[in-house]
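In the two complexes below, chain A is the common chain; its partner is chain B in one and chain C in the other.
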Partner chain A sequence: MGKLIGFIDDKLKRFDPVWRAENGKGGQRSRYHDVTGVAKYREWRGVKDTMFDYASWLNNVLAMVKMVGSAPVSIMKGFWEYRWMGSYLGTFMFIDRLFEGYRGEELRVAHAQMHAIVRSLTGRIGYILSHDRRLGASQAKSEKLVPMDEVLPELFMTGFPGLYPVPLQTLPEFIICDVDQHIEPYYIDVAESFGLPADVCSRCAAETGVALDDAFPLVGKALITTNMPCNASEATSMFQRRRVGLPDYQATLAMIHNDDELALPFSRQIMKETIAFVEEQYGVKFNWDAFFKAARRINEQNNFELEKWDYMKTGYTAEVGVSETLYKLYEWQSVNGADPYFNKVDRKVMKRLRKCYEKKYQPFGGKTRHRAFLWGPSAVYYTDFPTWVQNCWGIAIVLNMDSTMGFNMIDTEDPDKAIDDLARLTQKATMRHMAVGGWDNVNAVWEWAHNFNCDMVLMNDNIACKGMLGVHAIMEEQARDLGFRFIFIEHDLEDSRTVSRQNMRDCVNQYMSIVLNEEPLDPTLLNFDDSDAY
Partner chain B sequence: MKCNKKEIAKALLKLLGKLGLIGLLFFVVTFVIYMGNFENKLIYYVVRPFLNKHYDSQVRDRRIV
Partner chain C sequence: MKDLKHLIFFENLLQDAQNELVTKAVEEGKHALGYNCYYLPEVLLNLDGCFSTRLRAPRCTSTDVATYYMTGRTCPYVRSILERAIEGGYNYLSAVFGSESCAAMERMEEHLYLLNPIKHENFFVTIIDPPMRGDKTHLDYYKAQLRKHVLAPMEKVLKADTSDEAMRRAIERFNELCEVITQIGEFRKLDNPPITGYEFHVIQVVSEVCPHELILPYLKETLEEIKTREPEPSFPFRARVVLAGSEVDDPDFTKLIETCGAMVVADRYCFGSLPSREKIEILDGESAFDAICRHYLHWNQCARFMDGMKIDQRHSELLRLAREYKADGIIYENMKFCEFWSYEKVLASHIMSAENGIPCCTIEKEYALGSVGQLRTRFQAFVESLEIKKINE
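Entry: the complex of A and B
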């Protein structure tokens, strides 16, 4: 059998884009239609890896069929009602783009984690749409759901096992902007047509647009908002709470943190009040036993994460690039200890990673030239940026900022200590831990890069983020002083009309060719038009 | 009894053969779709333009409050 596979691999290797790039006969982009980004055919990765990729694709197709089967009428109504639902059809193209060039162990790890996301997300979409009053669900049925702001760690909601938390912005904005670069500009335009300035963060503008366009699912009977993580986006919550029109509590997250003395008492009080609000509005009591059970799950996941980091520091790992960061982001943002399936996947992946480390396995055929720490949000997902820099320039994204979110352990016995840990978790949430919340969070870039043995730092420069624009020059000075190769990558987060994907890629192209005088691994990836691609 | 066993074995083989054939057909059809990227082409060139046309014609209840 091995001989037969070897024979077929040898005969078909001219279709393998990695082989083609190595032999000057084309590369990854040769199989795409320009502009649309639609592939003429899928990537040939050799018999074993192609069959594995095919089986993983089939598995994801089945998850989607299951979603439609779980609530066929609601799902169809959802597609008809919500523009953002149509964008989820781009998921297969998204996955293909993300894992281009993946082979062997990294492909297996990537698909195990991606399937967990697809399985969880499709289940979540089916459940939420079938409880959406706009699509015909009854008031009583819908009232089991608790709409809440996406940056609150869902872990606290596991203390209410009879209720279903719905991070309101995740489906129409936070996740789908990664899959389809064309969806959020529509919502941004809606917000701006009401006079919202065009120079605010495009995430905030898009979320506001979803609210004004009446495109949030109608669920629950009370809403938990926050002041949002970015100083500039507080208005977003205001617009959302006005439009949603449910009784609400604003869980005001501390703007200063990393300080147990100053911030913790405040954050603890906010968590207590949030829990009390849910108890009062939904007429249920917080169940500590259920909470501790989920806390044990999140602790297990965080322990695995810390072990993964040790392998990632060495380079002998199959947990790489976009697969690592997207999984961690979803696991933290939308699971947060609530789904045991993720623990199951983590255990399997950890076994594989331990073996990889023992065997000194090097991903991507050992062709990595540089190790980079990436400080990048959504714009790195719809551009499949970590995959592109690896395939084009051999730059391995060792860790992205999204992977550095809340990894503190939660006490599983004492409610008082657990509330403190939960409060610390809110201080390490998406964006709160990255762009705001004290100098240590931004300055930590160098520490992360140093600890993970990186020679490069790629820093995404959101041209509408007022907070980060203020530190632009300081970061450049520090990079020079500390001896890091440093690239600022301009982007407008969710508005690809302002800074295109190629504009972002050019930031790296210019640095690599002009400053470092290097040649690309795959020249077909240097310059291409994917402006109409999802 | 002997005849029965033979008949059962024959029926089982027939069933396995049919299942195998169905499995093979399923594999061939889905693998061709997968390799030719046909589902994405259908979505990109047919389904999404149709849905976008519908979304563009929607009258949304747009307001601040």
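Entry: the complex of A and C
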């Protein structure tokens, strides 16, 4: 059987874009229609990997079918009511794009993790829409749900097993903008047509637009907002609380949060008040046993994460690039200990990673030329950017800033200690721990990059992120002093009209060709038009 | 109206951060303490042996170096301050007391210790994490922040007396200044005030940037002068407006509005007097420090506050000002790239106009007064619309 597969692989290798790029006969981009980014055919990765990839694709389709089956009427109404729902149809194209060039072990790890995300997200969409008052759900049914800011980690909500936390912005904005680069500009325009200046963070502008457009699912009986991650996010909360119109509590954790002496007692108190708010509004008691059970899951995940990092430091790992980034982001920020399925996936993946390390497995056929730390808030309209830099220039994104979110352990026996740990974990959320709260946090990148044996730092340069813009030159000077190759990649977070994907690619292309005098691994990826693609 | 006796003197004081009164106080051995934001209680920086000076960068025409450090996409106010620091314009300062009020300001304050551009013996920068709600939890946090990041270094580095008695003395001096400014400001409530918005703006800003004890005699004299000052025979403006929003430390901006026909009768912006010149009251059994913290958290109208109580307060406070100062409309301004006021301006102007029937004009501005022609057109159009509204009524 092995010989037969080898024979077929050899005969069909001319369809493999990696082989084609190596042999000057095309590359990854050759199989796409220009502008729309519609693929002419699926990526040929050899018999085994193609079959595995296709089976994984079908598995994700199955999850989507289950979602529709779980609440067919609500889902159809959702498509009719919410503009953002249509964008979820691009999920499959999105996943294909994310894992271009993935082979062997990294492909298997990536799909295992991506399926966990798809499974969880589709379940969440079905559940939320079936409880959405805007779509006809009753008040009583809807009131089991607790809408909260997407940047507030949900771990504390596991202490309310009868309630269902809904990261409010997740469905219409936080995740869908990863899938479809054209969806959030609509909401940004809604906000700007109301008068919001165009120079504020586009993520928060989009959230404001969603609020003004009444495109948030209408669920729950009280809302939890937060000051995380940044100024614009705090400000957009004003619009959301007003538009959603529910009693609200603002979980305002310490902004300068590394100071345990002052920040910890404060953030602890905020967590206590947040829990008390839910108890009061929903008439339920916090269940420490349920919380500890979820905390044990988080602890297991964090232990796995620390072990993974040890492998990542060596380069002998199958978890790399965008699969690592997205999984960590979703598992930590959106699941946060609530779903045991993620621990199950983690255990499987860890087994694979341990084996990869033992046999010194190198992802992407060992073609990595540079190891990079990706720092700063990433452009969500170009989620597959890490895949592109790997395929085009051989730059492996070893770790992403958001993967360094809170990884402290939670005490699972003593409520007093647990609440302190919870506060520490909660205040180190997405885009927040490193991007704001003081110089030491952003400056930490060099130590991270050094520890992960990176020679390069790619600095996401969100053109509207005041926190990161404020340290622009200092970061560049630090890179020079410390000997890191350093590229600013300009982007506008959720508005691909301001800085296109090609503009982002050009930042890397110019540095790699002009400064480092390197040739691309796949020249078809240098310049192409994907402006109309999902 | 006859010119105010000290107006030109005051205007000259605003031409440089280190003006003659600041220089005099420093030469007398006092510590000049810079700050940017209302979250830093001015009164605490005026303990014995110290004086506060709110940081400005007057006559700043270029922010090239600061723009290199912070890009051209951050608040022009903070870039101007950084530029002035790098130019050596703040070498008289013993310390800068900063606040993480917004990311841009915090980043600028970080540059003051990363680049170390201010050359003064034992110069230091300290930054507080200010509260985002008005409740007790945040009041306690505010107190803890001020104790650690303001009082402790003042005691340790500047050897300032931070005892309750010293704070009470500082409050007494501060209240005296506030009383004078408030009395001057109250004249703006009159139908035909004996003071213009521009003149008041000059007076308010000098009171923030100069050592209090050196500027106070001039302010007192000015108050007496205004009491007997003959106003114009009839109200010389076509409308009365409240100016609200982010940082405005250039009285020429107020002058620009007034030359378009609208008197600025109330100043509800950073560097303005509403709030900032309310007297601090110490309740029975309360320590001076607690009174200061309570006072500043209560009066703070920053767009950064997230809780409903403070959001409602800043709207109701503006309604109160519009009513008491008989304003025909409100001009909302925000410094370009100011995230908080970008949002607040949009929401508040909607609330004021759509829900309270008060006409609003919203504009965005640079730190250094530029694009005057465009702004003038906006203000003139707004004034005309106010006049038409009056005619229709």
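The criterion applied here is as follows: the second predicted complex is superposed on the first by the 525 of 534 C-alpha atoms of A that agree within 3 Å, B and C clash if a C-alpha of one lies under 4 Å from a C-alpha of the other, contacts with A are read in each partner's own complex, and residues count from 1 in each chain.
Assume a residue touches a chain if its C-beta (ideal position, glycine included) is under 8 Å from a C-beta of that chain, and two chains touch if they have at least 3 such contacts.
These numbers were taken from a predicted model, which means no experiment stands behind them.
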Put chain B and chain C onto chain A via the superposition and say whether they clash or fit.
fit
Partner chain in contact with A:M512 - chain B first, chain C second, else both or neither:
neither
Report for A:C201: first if it touches chain B alone, second if chain C alone, otherwise both or neither.
second
With both structures fitted on chain A, tell me whether chain B or chain C touches more of chain A's residues.
C
Once chain A of both complexes is superposed, is A:R242 in touch with chain B (first), chain C (second), both, or neither?
both
Just chain B (first), just chain C (second), both, or neither: which does A:I188 touch?
neither
For A:M401, select first, second, both or neither according to whether it touches chain B, chain C, the two together, or no partner.
neither
Angle, in degrees and to the nearest 10, that opens at chain A between the C-alpha centres of chain B and chain C
140
Per the contact definition in the header, classify A:L212: touching chain B only (first), chain C only (second), both, or neither.
first
With both complexes overlaid on chain A, does A:V38 touch chain B (first), chain C (second), both or neither?
first
Shortest CA-CA distance between chain B and chain C [superposed frame, angstrom]:
7
Please report the chain A residues shared by its interface with chain B and its interface with chain C.
194, 239, 242
Flag every residue of chain B that touches chain A in the complex, lowest number first.
30-31, 34-37, 39-41, 43-45, 47-48, 51-52, 54-55, 60-65
In the complex formed with chain C, which residues of chain A make contact?
194-197, 199-201, 204, 208, 225, 227, 230-232, 234-239, 241-242, 248, 250, 252, 254-256, 259, 261-263, 265-266, 269-270, 273, 436-439, 463-464, 466-467, 469-474
So in the complex, the part of chain C that touches chain A is made up of which residues?
68-71, 73-75, 78, 100, 102-104, 106-108, 110-111, 114, 127, 129, 131-133, 137-138, 140-141, 144-145, 148, 303-304, 306-308, 311, 334, 336-337, 339-340, 342-347, 349-350, 362, 364
Spell out the part of chain A that touches chain B in their complex, as residue ranges.
36, 38-42, 54, 57-58, 61, 79-80, 83, 86, 89-90, 92-93, 96, 190, 194, 212-215, 239, 242-243, 534
